[in-house]
Every structure is written in structure tokens, then in C-alpha cells.
Amino acid sequence: MILLPTLCLLFLTVAAVENESFSEDVALRTLPDGRVATTFTFNTILEKEAPRDPRTLFDDQDESQHYTLFPLSLGQVLREYAVTELHLTLNAGKWDYDKWGYPSEPDVGSGASLWTWMADGAPNSIDARWSGLRNALAGLFCASLGTLDEQRTTSPVIPFAPEGSLPDWGIPHRLRHASLASEHVCTENLTPFLKLLPCKGLSGIASLLNPHRLFDADWHGMGIHVLWDPAVGVQVRMTFQTVTNPLRAGNIRKEDWSFRSLFDRRIERVCPVASSSQVSVGLPSRGMYNLKPEPHHITDNMGHYDLTKDFEPMDVSIKWKNAFEYLLEPITPHPMPISFRRMLHGNSQDRGQLVVTLDNHLDNAIDILYLETMPWMVQFYLHTMTVEHNGSVDNTLLSNLSYIPPVPHAQPATFQVIVTLPAQAHIKLSIDVTKAFLRYTEHPPDAQRGWDLPPAVFMPLDASPLDAKNETLTTYPRGKRIYSSPMLVDLATPDFSMPYNVIIFSCSLVAFLFGTIFNLLTRKWVVLKLDGEKEKEE
Amino acid sequence: MDRLLAKFRAPKTGNPHLVRIQRRDKIIALVTARLRLIVALLFIAGYAWMLILPTIPTETTDKIDENALLPAQINTQWNWDEVHAADRYLDQLEHLRDTNASSAERALYLQTEFLKLGLDASTQSYTFSTVVGDSTGVNAYALLAAPRTPGAEAIIISASWQSRTGEGDGTLNLRGVATVLSMASFVRRYSHWAKDLVFVVSDGYLDGMQAWLSAYHGVSQPNLLADNLDIATSVVWVALNVDYPGHSFSHLGIFHEGLNGRLPNQDLLRSFRRISRQTGGSPVILYDHIDNRDNHKSLGMLGSMLPSWLQTPILSIPQVRKYIYHASNVLQHANYQARGIGSGTHALFHKYRIDAFTMYALPATGPHGFHTLGKVLESTLRTANNMLERLHASLFFYMLTSSDFSLKIGMFLPSVICVSVAMMFHGLGIWTSAGWTQIAATATELEKSKIVVARRIRPTLPVLAIMAMTHAVGAVLFYLVNTSAIATSSFRQVLVGLVIATLPMVLSANPKVASAQQDEDTQATVAVTLKALNICLASTVISILSVLNFSLAASLAVLLGVTLCIPIPSGSSAKWVAYVAYSALGLGWLAIPGEVERMVWGWQMLGVWTCPIVCMIYTPLVLQAVIVCKLT
Amino acid sequence: MQTPSSSAVAVGLVASRLLLATATSATDYLIHDHQLSSPLTSFRNLQEGIYLFNHGINPYSGGVFRHSPLYLSLFATVLPSSKTFASILWTFCDVVGAWALVKIWHARQNVSSTPRDGLIAASYLLNPYLVLPSLALSTSSLENTLTLLSVMFAAQGRASAALLLMAVQFHLSLSTLILIPPLLMLLISTPASSLALPKPFTGSTNRLPALIIEFTAYALGLTAASTLVCNGFSWVPQTWGATLTLPDLTPNPGLWWYFFTEMFDHFRDFFLMVFSVHLLIYVAPVCVKFQYDPLFATFVLAGVLGIFKAYPTLSDPGLFISMISLFPEIYPHLRHPLVTALLHLHAALLLPLFHQLWLMQGTGNANFFYASTLVFACGNGAALIDCVRAGLRLAIGKEVEGMVVIQE
């Protein structure tokens, strides 16, 4: 009885291994503040395949696509718009670098964020394909990516260098980047995400992705990364990260966790088509705890479980001996090279001051690339930009400023500068900004909430300062991107209820003044006797 | 009606323009003849309106305009565990008080407690320096980052170390602080927060919060030395301030007036009222005025002002008791708003467009305590947490006559506007009549001795110069009272007042001014013109202030309205009386003990506009009247 | 300023002004104020443009910088753009403006000095509508000075100077265009007051074509210069275009901003056209009616500009109000000076107050400030109408008992 399904399964697996492979793994580690960071990674590789050359878009007939593991719906989109590299992330919450350190997937800016590399030379322009791609992905992931229009699209090539490699077709590749901080991520985005996996959410590690628990976490984010590596082929990496707080529920004093407590599930069966499928658990360095079951093997204090061999339903769990105590001092050494704060000061609705403070925790100077992609509603006064280092102004710490001014109603500003942080320095960068006044049709429905400004990006550069003028990609080192949290800016709102009244008032005033003046100018003067007839005329 | 029309209907015959002009002249004559009457009526209407404000039938404040708030619609989780936690915190706080620990020690303790809860906590030390004394202290604050939110919005829960009882006379707000601490340990267990929660325990009464808010919004103040904050700041829409001085309470009182008369959005107060009634089961009152109309022993100052033999018969009338209760609320409101300093720590938030109020636990022997307060606070937090956008419907212009009833702007503004319009008419009347002089008909004219009127010019430029001068004097006065020498010694203040009071005599001794009043046939006297312009200016100031700070405008209307308009008596001795009276009206505030000090403190520490307005607008206006009375 | 008293007054005023501008921090408070400097005249925007220009970024590629390339070239090369220097320069320009006003007065009276000089100078130097903008370093003060200078030269009959300055002024703010016809008339006739006895236009009209050609030459020259400065025509839509299309809806005391904030998108262009053309309508009738006194026509059109131009600041009505001091003959015929003054007083107090209520305190909404701009427009309108009426009424002569003068 059991034989038949097993056979089919076998065939499936055989069919799969032709030129596609799928691997999955989940890594869990306890963070210093008692929270638990979980990272799911699902890799699908299309071996010896290359992204579509945009020039082949001229002939409308594309080669047919037969995938068994590779997500077809995504593949079609990629070929339709000839996308070389694509990164889509949907995050909710604020990644607390100072407590949690670097995330295992770098793109943690909250809200939706999409960036792609596409080659030029197609019949329709890159921007046309970019908007098409946006809408296609919006449909695919039920996210409002369609609103990432020209008013939010920038192309900062330095921090967003390609992670794979770009095929050498002799045509230039272009970057398109846009982010939407106010996007809310929830179940409706997870379901299509699971649909792209070969085993959906039914078996294997993906079966732990239980929406009820995931979306109750302190932080969660999903990502789809498509990139090309000539050695490997086209690779789709799908990730899901969460940070859950075992200490939140009730009066628990211990940071114990298990699959059950985190996901309210355990892994019942493996995903048969997965070439590798492993669970890794970070082994905490402090305190006494008990990890069950025993890891299959341990490498640099990570315990690994390989699900593909002699599998029985598993539920990993850590139990601690003592109650958890919060640290009363910041962690040393600091988990990050730098820490930062980004604030919009001032209490007026027509202007403000953008203040960014940066702390260098290293004992050597470091260069930070600082990128702002500001919507045009907030305009910088660059001439007011000052850098304070330990209280004294020192603008020489800034270099390689590149700035694309915003165009009202059309294009956001791209502000990019390299800040040199001396060892253990605390510097404060401040720029005066002015807030635009919008037409009443341009305001969102809840106008009084204000506008979400996209997160800024900081990137430590481990090389010498570079010149931002000739942006040849290869010259730039791969620093890790650090995302600030988005900001809320409230713009002055007009009254939405009375456009007619305004038009009527203004027009009648103008008409009155106009009429009176012309009366005076045109009418004839006469002198009257109060007790009688007209006397003389002018 | 027909007769009225007939009055204006001109003879059918004749040139239409002539008809029009004649009709116009008739109407003008009709109005000008009765100008005094109209002015008097407007004055009476205005003042009467002010008097009946407390009795105006008002709409109940049950309606919540903002639909997102959904007040009192949750099951509160706050329970006896939290109450015990609060009690434990209270013990430690009382220990700190008994060992009279320094600000730094207190702040350190609070910071540690917050850190133990896993919140990002820190302290901020500050120093204010004003001519009336410096003040230093250390604030403690903590941030609870809400799950799944980018942390762009926040709600502030604050308690000042000193209670507002007696405007920070040293009564401590220990239970308020304890409530904030246990609330911090309580809220972190829930994941339904959509906004970061910021907990602030500010040192002192107002100074601590002022320093903290300035740092939070990156606003620099020349006389303030304060650390920067260690938390990334975000947009704040609502702040709740807890004040719990007693050991238990009977009512929750609302204190809502902010600096310079700014009021929080009324929806917030309405929601709080509903929550505290339905969730907390605690009655809500305005300020600390208990509404016990049933026994007329305790009816506030108004009740006790009546002679004792009158109290029983009069106060037995329910309407009178209602009136007295509402009137005392309105007076209290006017007091807080006109003095501009606000009614508590919440006042400082308003400057930054944060709607805030103080929930004041009225000290009593019971029945309520931490349990009620915690439930109410939690539920109010949840309501504030529901907000999708800033409270904006224009519910900022209102006047609470009790916790249940409020007046809309249209119901109280006209009272002041009436007075100011009356003044404007009066001023214009004087101005026009100053432009004409009466010449008795000469014999050569027709035998019917009719009165011939002739135009005459008005000395506008010298008058404007005089007015500018008085305001310059006001500016000097403002500078003087802001120097430590004057602000701290009441003797010097009186001296300054006397000096300024003598200035008009010096001015009128000036030959130029004296010469300006020769020959009344060709030129109106300086005095009359000055009076006219002075009244017009005063009226303008009052009507414009009324939008910004109604109570201030109302008090100006009461102080200046009639007093500026009454004609100057002719007798020389009476003139002197008037002179002294006006001077006292204009400069008397210098003699009130402590008043100058309070105003200067408010201006230098919190930026309250009362001091500049009094020095540079009110006093000069009265000085002009003094000059008028000297020159006539 | 010949009479010692007046010159002393002037010196005192200038000194106090310099003190205010340099010693106190008044500038830092006022420089942000929307009523004192519009996006087209704000000193901060000018500094920003210069910064971008010096860093090799085309300032006209963004939406912040809307000043004329003339300013750009001037401040980026010749003049330092530091605040202290700027406040000295601005004060100096005000003094020049006051001097020009006095000179115009002299030309009109055809004398070399009168006792009213001090008064006229004071009316310019003490006018709060002019003092505050120049404390806020709004370039509109410079433009006022230019206008007055060119009028002065025109009154003195020095054609080239007048035309050149007017061309510059036309470059700095497009709407000054409507002052050119009366200025040309002034050039070919006399500035003397003939309001009392109207007569048909007496001027050598055959000089007109030459003058127009000269003006066009200057204008084209400046255009070429500007185009060279920022190699390309990118400055045209940013500077002149802004006055016509109103891309920046920052509040100001004028009538345009809120109207076009609340305007429905598909009517926007239509009403933009209507408002722009409406300014031009006044030129012909005023010039025809006051053909016997072109200076007065200039004055009236300055008033029209003060009310109806696209990005006004307080200094535009301020210019009109100060110019009233040039026409003492109309004073007796003003109908309601006090009412107008009180209207202005109300508006002047309401504008900053409601601005504060809306943008700082957040208690009042935009309609508050809009209402106060309406009051302000009423005040300016009342002043303008009263002046026009008095200017015409003057011709009829003194009021006689039992007689009344009306229009039919």
C-alpha cells in the first residue's frame, strides 16, 4: 500500500535532479537580550541556465520553460522582463542592530523594498520594464509594489552592487531601486511565498512557517533573491527571518524555546525533493542549558541536524537552568562596528532638521557610505550640512558627496556621501530640511498621519575612500548594508472639505476689486446740488 | 415696517443719484445719532454674555469625533499582580524619599528598574539658569519598542517627581511614578502595541519635562544646559501625564490647559472621561472641583463669598448651585489660560503639537487606588494606540464648564468680540467727531441760527509718535523686569512703576506737545486723537488675541473695555484721581508680590507670552490713556 | 536728505537698522518666515543654489532654487554670501531705495530739496512691510530698490539707465513687466503732478520705438548672459516659469497659493492663465486714464502688483504704501484712511498669528491663514481703491457746502 506513493516520490526525485536542485535549512540562535533569531533559507538552483538577454525581447517567442522545482510563476516574470538580478524584501519591525548584531540576511529595512539589475537594449525602455515588473510582482506577492513609481525610484549603484555577476553581453546594466516604508507585511504575503516552494508548506522545514506564530514575532521579514553565477546558474534564494521573544508571554522568567513554543509545530516529515535539508542551532556561550535532541555534528559552536538521513519527527528545544537576567550595561564588545540614530528634529510643519548621529565602536578609523533616498516632499538645504565631532564642527570628515536634487511631483532626491569616522568617535551630522506643501489631491487618505520616509542606508567601506564620480561597479568593496528605521514626517495639510469655498471666496474678492477699480476708471464724474438738479459735468 | 421703509424712501421725483445720496445720508444720520446707544448696548451685551457663560445650555461631551479611538471597548488586563508590583515600587520610592536621595540617585534607581524590565533606559541631567534662580535635576526615561512596527510613532507616559498640587510646592508624586513603573513592566507582555511607548519620570515639577522635551525635539534654549537623549526620537501624538499625590483617591480630575492657552484635542478628554467612568468606575471631575451640589457647605470660593445669612436661602436653589459650580470651573479655566503657564506638566507637550493632559487622582480616603488608575491608564493607552492619524478635527477651541459639558467657540467668542466691536465703534466715533468743529453761525448768515460745521485736521503724526513712544517704554520695562536686579526685589519693581507713572507728566510738560493743542478750530487736540487711536488699537488687540487665548482677551476686555472709553472728567482734582487710577491699572501688577517673579520665570524658563504681552501691549495701552487724561 | 534734521533722522535709522541686522539674531528668526520671503526670493534658497552651483550640480535641475541666474552669477562670483555681509548689503539697498524715493519726489516737485524729504525717507525706512523683509534678507527688497531706481531715472529723463535697470528687474521678477508701459510714458513726458488738471497725453511719441528697441536689446542681452551662466535654458522654467505655473505652493500673503492648493487638477491650467492675464488687464486702462500723470499710473500699477502678483511678500504692498508719500495732494480726498489703516493693522497682526496657529501649534488649520490673507488683500484693495478714487476726484476741486461729487 505504501509502496505506490513512495515510487511516485522516487520518480519525482529522479526527475528533479536533472538540472535543478533544491536545498533548505533553518538556523536558530539565542540573542543576548533573550530573544531568538530564526532564519529559513530555501535555495532553488537552475543549473547552467543564464538570464534572458533583453535583445531577445524583440522576437516575441521566448523558449518554452519546463520547471519541476524552480518556481514557474516567478520564472515567467523574470524572463518576460529579462531581469538579470532581483531582490525583493518585505519586512515588518525594526531590526535592533545594537542588541542583535548583523542579521544573517542583510536587507532588513522595514516595509517593502525592491531592487533589480536589468540590461539595456530591449525594444522598450528599462523604466517601462521596471514598472511592468513592479506590477507583476505586486500581483504575485499581494504587496502594493505597484506604488513604487517614479516618485520613489532611484538608482544608487554603490551600496546596491549586484550580488551575483552580470553577463557580459556588451550592453550596460542598470539598477532600479525603490522602497515603500509604509507597507504592512502579513499572511497574504506568506501564502504566495509558500506556493513558490516545491513542497509548499506541507513538509520539510517549510512546514514550520506557521503564520499565527510568525506574524506575532517582534520582527519578521521575507525575501526573494534571484541572482546569476556563471559557475552555478540562475539561483533563487527565498528567506524568512523572525525574531521572537520567549520572555514576552506571561510571567516567564526563562528564555527556553522549542519548535513547539516558537512555531506551535514540529517537523513531521522531510521534503522528499530537497537535496539537503538541515537545522542549525547556535550554541549559547553563557549559562547552563540543555539542548534536545543531540546535534548530529557541531561546527564552530553551531549544532547541526541533517533531516535527510534516518529522520523521525523532530522538535528541537533548549531548556535553561537559571532565570534570565537582562544586561544592565551595553554588550561588550559591541556587536556592530558602528551604531547610529537618525531623527527629524523641529516642531514646525514647514521645516525641520535631519540629524544623524554615528558612533564608531572600533579602535581604527572607518569610512561609512551614507545614502538617503528622500521623496521630494522633504528637500535638503545642503549648504547647512554640518558634522560635529565631539562637539566641534569638522566638515572635512565628509567626502565624495553626490546629490541628485529632487524634482517636485516627479523624482526623489538621491543623497550619497562618505563619512570618515575616527576611532571610537561620536559624530553628529545635521542638515536643515524644508517640507513641501502639497496640492490637496496629492495627500493620502489619512493625511494627518504624515508620510513615511524610506530608511537610510549605511555601508562600512573597508577600502580607501573612493570617488563617486566614475561609478564602475567592480571598484567597490562589498560592505554590509545597515538600514536605519524609517521616519514619519508630518506635512502641513490644507482643508479637504472646502475647495469650492476657497475658489468662491478668492474669485469674488478678485472680481470685487477688479470691478471697483474699473468703475472708478470708467464712470463719469458729476457734481450734484443736494437740493436739486445736476450742475456741472467733467 | 412700512413706516420704517417710508423713512428711507425719498421723493419719487428727482435724480436717482440724489435719491441714493439722500437715503445714504439719512441712514448715516440715523446711526451716528444713536452711536452712543449702540456702543452701550454692545458693551452690555458683551459683559452680560461673559456672566452667563456658565449657564449657557451646552451639548454633552459624549460624542467622540474620531472613529478610530474606540474608547472603553477593551477588556483590561491590569490586575492585582500589577497593583502589588506598584506597591513594591512605591516602598522603594518612599525609601528613597525618606533617605532624601539626590536627583541623580533617584534617576539611577529608576533607570535600573527600567533596565531590569528589558527596556532601553537612560537618564538626562539638566540645568536651567534664569534671573529668578536656577534649577537642576536628572530625568529618567525608557523606551519600549513596539513589535512589528518601524518605531516611527510613540506614545509618552509621564509622571513628574513633584505633584501639581499647589503648583509644585514640594508635594511628591510617588504613587504616580510607581504607576508608571509598574505600567512599564505590564505593557511589555503584550504584542498589540502599534506605537513605541516612552516612559518619562521628570525631575522637579515643570523644569524637568521642559528640559526633556527640548532635547527630544532638538530645540535649543539659551539658558538650558541639558544632555542629549540616548533614544532615537519619533513622532508623538499623545502623551498621558499621571499625578497621584494622595494615598488613595475618590475622583479623577482633568487638567488640560497648556502653555499660552493652547488646549488639547477635546476627543482625548472625552475618551478619557468615558473610559474612566465605564472601565475604571471612577467619577471624573474638572480640576479638583468636586461637584457636590447636594450639600452647599463646600461650594468653592464663589459660594463662600456670599454673606453667611444669604447662603442658605440662595444656595438652596439648585440653579444657583449649578451656576456657582460651573462658574467656579470657568473662573479656574480663565485663570490657568490667561496666566498662560498651564495647569500641569502636560502643558509643556502642547508646544510640540502633542495632545496631552494630566489625570489627577484627587486625594481622599478612598475608594480608588492603583487598581482603578492602572485600568484607566491601560485603557486610555489602548485608545491612543488605536489612532491611525493625529487628532485633527478642529476640536481645539472649546471651554469646559464641567467634565460633562463644554462650550463651542461660537458660544463664548462673541462675548469678547462684542466688547471689542463696541470699543472700535466708540474709537471711530471719536475720530470722526474730532475731524469736525462747530462754528456758531455768524449774524450775516440766515437768521435761523443753524450750526455750521467745518473740517479740521487731526494731528495724526505726533499722536502716532506718542503711541510708539509708549510701546518703546513698554519694551524698556520688559527688558528691566527681565534683569535679576528688578525681578528679584519687589521694592525696585514698585520704584520702576512709579518712575514710569511720572513719564506722562514729563511728556505733557514738553512744549512741542503743548503747542500741538493750540487753535482748536483748525486742528483737533492731541488728546482726542490719541484717545481715538488708543481705543481702536486696544480693540484690535483684544479681538485678535481672542482667537489665540480667549481668557487673556476676556480679561483685557474686562480691564480695558469701559475704562478706556469713559470720558475724562473735567475737574482738575477728578483728573488727578483718574490719572492715579489709570496708572494703578496699568502698572499695579508690578506691586503684586511674586507676580513679576512668576511671569519672568514663565517667560525665561518656558517661553510663556504673558510677560511680553503685559509689558509691551497692556501697559503701553493704559499709559496712552494716562497721557490722554494728562493732556485734556 | 538736505535739511540737517532729516539727514540726522536718516543716519539714525540706518544705524539702528544695521544694529538690528548684524548685532541681534533677528535675521535667524525671520529668515524662515513665509510672509517675508517667498520661494522665489528666499535667501536660504539662494544660498542653496550657490552651494549646488559651486559643487558642480546644476541648481536648476531640482525644485528648490528659483532665483534668476543674475543673482547666481553675482553671489557665486563677486559678492560673498555670508549673512553679515548680506545684511549690510540689504541695508545699503534700502538706503538707496529711500534716496531714490526722495529723488523721485524732487523730480515730481521739480525742486532740489523740501522739508518733507525726511518724512519721505522715513516712510521707506520705517515701513514695517519693508523693514522686516530686508531683515529676513528677502531679495524682494533688492527688487524694490531696483524698481525705485529705474523710476527715478525715468523721472529724471535718463532713459538708458532707467531701461537697463528695468530690464534687470524684469529678469529678476517677471511680473514687473506691467510697470514698463507707464515707465516708457514717464520717459517721454514729465513726472510733474498734473492730477489736478487733466490733459491729453503730451509726450514725444516718436521716441517710443527707439526706447522699446533699447529695452528689448537689454533684455535679450541679459537673457543671453543668463543662458551662458548656466549653459542652457534650464533656468527659464525654474524662474519665469515658476511665476506662471506656480509649482511651489508655500504659503505667502498673496491670493494664489491656497487657491491653487485647493484647485481641481483639470482646471489648474485654465485658472493659472486667468490669474496671469488678470494682471495684464490693468495696464491699458490705468495708463489711458492717468495719461496726464504717468508717475501716478506707475504707483497704481505697483499697488496692483502688491495685491495680485504670483509670489508676493510683504515688501510688494510695502512699496505701494511707501510710494503714497509721493502724492500728498490726494490726502484730503481719501475717504476712509483710518479704516484702511485698521484693516492693515488687523491683517498685519493676524497673518503671523494664524501662521503660528496652523504650522506651529497645529490648533488652527490652513483656512485660518487663508482668511487672514483675504483680510490682507482687502486692506491692500481698500488702499488702492481709495488712492485711485482720490487721484481722480482731485480734478473736480474742493468740496462745496451743499454740493456733492459722485460718479454716474
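A, B and C are the chain letters, set down in written order, and residue numbers restart from 1 in every chain.
Everything below uses one rule, namely that contacts are C-beta pairs under 8 Å (C-beta built on N, C-alpha and C of every residue); 3 or more make two chains touch, one makes a residue touch a chain.
Per UniProt, the chains are A = GPI transamidase component GPI16; B = Gaa1-domain-containing protein; C = PIG-U-domain-containing protein.
Remember, predicted model here, so these are calculated numbers, not experimental data.
When each chain is reduced to the mean of its CA atoms, the one lying nearest the mean of all protein CA atoms is B.
For the criterion of most C-beta pairs in contact, the winning chain pair is A-C.
Separation between the centroids of chain A and chain B, computed from CA atoms only, is 47 Å. Here the CA centre of chain B is 39 Å from the CA centre of chain C. Across the assembly, chain B contributes residues 17, 21, 351, 353, 390, 392 that each touch 2 or more other chains.
Across the assembly, chain C contributes residues 360, 362, 365, 404, 406, 408 that each touch 2 or more other chains.
Shared interface positions of chain A, defined as residues touching 2 or more other chains, are 347, 493, 526, 528, 530.
Residues 338-339, 342, 345-346, 349-350, 353-354, 357, 360-365, 368, 404, 406, 408 of chain C touch chain B in their complex. Within the complex formed with chain A, the chain B residues making contact are 15, 17-18, 21-22, 81, 112, 115-118, 145, 147-153, 188-189, 191, 217-219, 232-235, 351-353, 388-392. The touching residues of chain B, when paired with chain C in their complex, are 17, 21, 262-263, 350-351, 353, 390, 392, 394, 396-397, 424, 428, 431, 536-537, 540-541, 543-544, 547-548.
Considering their complex, residues 33-34, 92-94, 96, 110-111, 181, 215-220, 245, 247-251, 326-328, 341-343, 345-347, 353, 355, 446-450, 452, 455, 485-488, 490, 493, 526, 528, 530, 533-534 of chain A touch chain B. Partner chain C is touched in their complex by these residues of chain A: 347-351, 376, 379, 381-383, 401, 403-409, 413, 432, 434, 436-441, 492-495, 498-499, 502-503, 505-506, 509-510, 512-514, 516-531, 535, 538.
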